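What follows is chain A paired twice: with chain B in the first complex and chain C in the second.
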Partner chain A sequence: MNSLRKYFDKIKPNFEEGGKLHAFRSLYDGFETFAFVPNTTSGVGSVNVHDAIDSKRIMSLVVIALVPALLFGMYNVGYQNALAAGQLENATFWGMFFFGFLAVLPKLIVSYVVGLGIEFTVAQWKNEEIQEGFLVSGIIIPMIVPVNTPLWMLAIAVAFSVIFAKEIFGGTGMNILNVALVTRAFLFFSYPSSMTGDDTVWVAQNAICGLGFNVPDTFSAATPLGEIAAGATALSTSMFDQVVGLIPGSIGETSVIAIALGACLLLLTGVASWKIMLSVFVGGGLTGWFYNALGLSPLDACQHIVLGGFCFGAVFMATDPVTSARTEGGKWIYGFLIGFVAVTVRVLNPGYPEGMMLAILLMNVFAPLIDYGFVNANISKRAKRAKI
Partner chain B sequence: MRGFSKISFNHCYYMANVIKLRKGLDVNLKGKASLETVAVKASEKYALLPDSFTGMKPKVVVKEGDAVKAGDALFVDKLHPEVKFVSPVSGTVALIERGDRRKVLSVQVTADGKNEAVTFDTKSVKDAQSAIALLCESGLFAFFRQRPYDVTANPEDKPKAIFVSAFCDMPLAQDFEYVLQGQEADFQEGLSLLAKIAKVHLGVSKKQKAQALTAAKDVQVTIFDGPAPAGNVGVQINHVDPINKGEVVWTLGAEEVIFIGRLLRTGKVDLTRTVAVAGSEVKTPRYAKVLVGAQIADILAGNLVESEKHQRWISGNPMTGIKVKQTGWLGAHHTEVTVIPEGDDTYEMLGWIAPRCKEFSTSRSYFSWLRPKKTEYTLDARIKGGERHMIMSGEYDRVFPMDIYAGYLVKAIIAGDIDRQEALGIYEVAPEDFALAEFVDSSKLELQRIVRQGLDILRKENA
Partner chain C sequence: MSILSKANKEALTSPLNLNNPVVVQVLGICSALAVTAQLEPAIVMGLSVTIITAFSNLIISIIRNSIPNRIRIIVQLVVVAALVTIVSQVLKAFAYDVSVQLSVYVGLIITNCILMGRLEAFAMMNKPWPSFLDGIGNGIGYAIILVIVGFFRELLGAGTLLGYQVVPQWCYDHGYVNNGMMTMPAMSLILVGCVIWAHRAYNKELN
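Coming up: the complex of A and B.
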């Protein structure tokens, strides 16, 4: 520890005002605060003691909560590849996992390099500290795209969303829309054929470094929701596979169990709002039940929740504290409407098999309006009390 | 039947309004003052700091070398020259310390040890006007604050009420029930005088049992039951009789009510406080009898833990107190002197992921929630994170027991939107009400400073 500290102290002057590496000050700050808790102490006129929590720890916890779903997603990429090639009996667990790992890793790297690169640049430019928000967005983005998304598309989409959904609003904490979902929406509307298209996007089709299998060209696999949107009345996968996550889909969204592990961590540590999470599930469940009872959807309430990005969105993206409702009452309404809109889009609009992304983005836009209602109630109560 | 009537009598007697508060946070810090009082060395010099009296522009009325008695004015309020700020001791004016743009930083008096004091005519006090005149003349009105703006009160205002909180529940704060022992009569005298000026509300903690508090005369007693900051007078006002636009409320510290009682009894100003000397870096945390304006170094002399680590001296408690230099003075309103580790010489590796079991946090990403409630923590003055925009929602509201959206109010202040600040209730708050919110804030915003600036700007706009 001491030698690392000494090293930081030794190179620090280079990054200070007038130092030859001053242009990389934000980078140095980023690494220093990553290695050591900042030891700046509170100034005169502010609280002398502070809670140990900071946004680095909060963001790191969300990243940790995402890891089970990411690891399972890697395995599932390999599993779907072997399944599609008809080679499931020849595939080993580690073989499938490492195939998936190699397929997902470039996306993870592209997402972080592009996103953090912009963050560092902006931090340097605005003379601010690097904000940790992208640590979470950067891991979520590869998890909510199909495995065959080209890297260049991903790079453009990440750059677009970090700049136009976040930085122009003022950075983490000021954005209106969830950054990861804007990336997804950008890809979805700019390159529709690569995002759903002819149902060849969900399964990796070529061997990587000798791992995995080459899948015949004629192969195609739809997600369960895709099957329903195409008019099927029954699903080709079992409920067991859907819950475990051995179905085609975006990389991180398939396993309900892995997502539940992350949800447990987020709820236990209080990082995510249980009110939002619960109300998304209640909203989606009730709406799914309603459409099923009306005969509009062959899927029951439970399947609506298990399939697609519903769980992933409810646990990791609806609960984004920046873009969700900020009043406690507003959180219930916000969450419920996300569930409602997600299932409604799925059922009533055959063009969009999945509605979670649009539901969360839509409610991101409406969250300030919901809060406005609650805050205004407080304001008018005060106004009524006043005599002048 | 007799027994029954006695019980019901007691019941009525004690059952002032009880207000139960759920939101808030009690931080259990190491180094609480034990309930014993010692005399500490009298300071050679005493100082009155204009900055202790927020919002007041000082006009110094003495020259260096002038002889003063306790109760003689050192400076007055430029806008209300009748409000005097008086010397706590007799002696000679040693220094009028000035800073940038000749701002008066302190007026220092070398004590002569004779303890001579001006005698005031207390017999003529009959009504509100004469009471205020006596308080202004004797320098005790200077201790009054007003809401809105949390500034030194203006004697020309007609306050709708005067609020006194009989307890402070911030960590390491003074236990007023202990301080009150033996001064009950002075306290009641002070309250009775306040009652001549306006309706007086006394906020008492559920834990306080002293008759002088729960059965205080001439005042409306309200019992508060809940975690900190229930003792903040702002919280009490919000629950008892919230301030509306155009209304003025005065507040006064509980120990300052005793000052008034002493004045009425003896005709002399005696600004002796029983301050809690506390904190993890204090060898024997206990109470000390000192005068307002005493040198912090004298209060702490011989009572500090010897340590190679830097220490932070605070005039006040760790939440709302002010960091002072080793040559600093006890602020006029402060009832504690605390010493905690500074922490600027501490390097913790990989804090964002390490368990850091000794740290205290309201977040369950640390383990302090698993430790017994009575665990005492040693916290240093590090901010422990970088300043960010407001990210998490509802953090402030959990420790802000008022009917106010704290986060929205802070945003309105940052945005400089005065109409919205008014609408969201800025007239009801003081910086100290945001102390706990600043403590728990994961975005590490300096909320007290932000609120202070907001109040200052608003006051200027409305003037």
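Coming up: the complex of A and C.
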């Protein structure tokens, strides 16, 4: 650690005004504050709350919480490939994992290179500090797309959402909509055939570097929600597989167990709001139970929560502190409505088998209104109290 | 006053750039979103608005001194409605396919804010010739933006321009896919936003 600090101090002059690498100042700044908590404090006379945890540390925690789901997603990519090729008995655990690793890694790299590239460029251009928001978005984005998404589409979508959902609003902390979800929404509406269209997008079909298997061209696999939307009344996968995550789906969303591990970390460290998380599940569960009781949906409440991106969205994206409601009472309503809208879209709109993305984006837009209502209610309550 | 004096030139050219009706005054946005999914209707719409703005400006300017102030809006509307009907009938007669594509938006030119804005702000207090030039300038200023937006929407959304395939088959064979979102109105709003962004970045005095 000490030698790293010394190295940072040694190369620092190059990046200051007049140094030969001044053009990369924001890059240096970003890495320095990533590795070490900055030791600058605010001046005398200002009133500030100080905490050793800055937003880079919070972001890092979320990234760590995402790792179990990402690793399991890699394994599942390999597992689905072997299953589709009918070679499950010939596949080894590590073979499947490394196949998935090789399939997911390019997406991760593209997402980070494009997103951070834009962030660094903007920071340098506006002469601002580098903002760390993309650290989390960059790892979420590859996890919420199908494994067969072409890299160029991913690159365009990431560039679009970083510029239009984030930078034009003023960068990290100022965005109205969740950046990762805007990326997915852009892909979803721009290239529907590559996102859900025919059911060939969910399973990697070709061997990579000698790992994995070539899947016959005629193969197709729908996600469980896709099967239901297509009119099936029973699922082809077992509840056990659905909870563990051995089902077709976006890379990181399938495993409830891996997501639960991340959720535990986020809740124990207090990074994510337990109120939002709980109310999303309550809202989705009650709505799912309601539609099931009416006979509109063959899935019961439990399956609605387990399947698709519901858990992933509830744990990692609904709780995004920037775009969610901030008043304590507002969090309950915000979360409940996400669950409600997500399941409603799934059940009532046959065109969209999955509603979590649309639900969170919709409620992102309403979050300020919810907060406004709660703040004003509080003000009028206190004003009444003051009169008497 | 000469035919193209300084003031007249100003009336003609300022709406093209620094006083553009769409990107600076932000008028006429609705039709800019609705008709720009392809380039051809965008061009026809731009031309129609140019003709109607120019001639309604001219007519109103000629009779401006005899219009009673209280009923001036209704008089302006009658003139505009007559011109819109003529243009609509001409389109139906000579460019039927485009008029079907434009559907109600030709009729809705009457509600285009640019028209009433120019009549009220310019034609009511200026002589016919400058008013005519002002109408042409504003119409073309509107048309330019429509053409820019229509160009990108058709190119990226359908891979064609004016109906001709421009993105080569080679690209599709290698995995290129048209961007479906470009055909939705939401994307034209974002494109208009981009045009405004570029325009303001270039003309710093507007900020």
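FYI, the second predicted complex is superposed on the first by the 372 of 388 C-alpha atoms of A that agree within 3 Å, B and C clash if a C-alpha of one lies under 4 Å from a C-alpha of the other, contacts with A are read in each partner's own complex, and residues count from 1 in each chain.
FYI, contacts are C-beta pairs under 8 Å (C-beta built on N, C-alpha and C of every residue); 3 or more make two chains touch, one makes a residue touch a chain.
Quick caveat, the model's predicted, so the values are computed rather than measured.
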State whether chain B and chain C clash or fit side by side on chain A once the two structures are superposed.
fit
Quick one: classify A:Glu16 as touching chain B (first), chain C (second), both or neither.
neither
Is A:Gln131 in contact with chain B, with chain C, with both, or with neither (first, second, both, neither)?
first
Applying the touch criterion given at the start, work out whether A:Gly171 contacts chain B, chain C, both or neither, answering first, second, both or neither.
first
Which partner does A:Ser194 contact after superposing on A: first (chain B), second (chain C), both, neither?
second
Touched chain A residues, chain B compared with chain C:
B
After the superposition, what is the least C-alpha distance between chain B and chain C in whole angstrom?
19
In the complex, chain C touches chain A at residues 175, 177, 179-182, 184, 190
Any idea which chain B residues touch chain A in the complex?
27, 29, 171, 242, 244-247, 312, 314, 318-323, 338, 340, 342-353, 356, 359-366, 379-394, 397, 403-405, 407-408, 423-425, 435, 438-444, 446-449, 452
In their complex, what parts of chain A are in touch with chain C?
150, 152-153, 164, 186, 189-194
Listed in rising order, the residues of chain A that touch chain B in the complex are 1, 4-5, 33-58, 60-61, 129, 131-133, 170-174, 268-271, 273, 321-322, 324-328, 375, 378-379, 381-383, 385-388
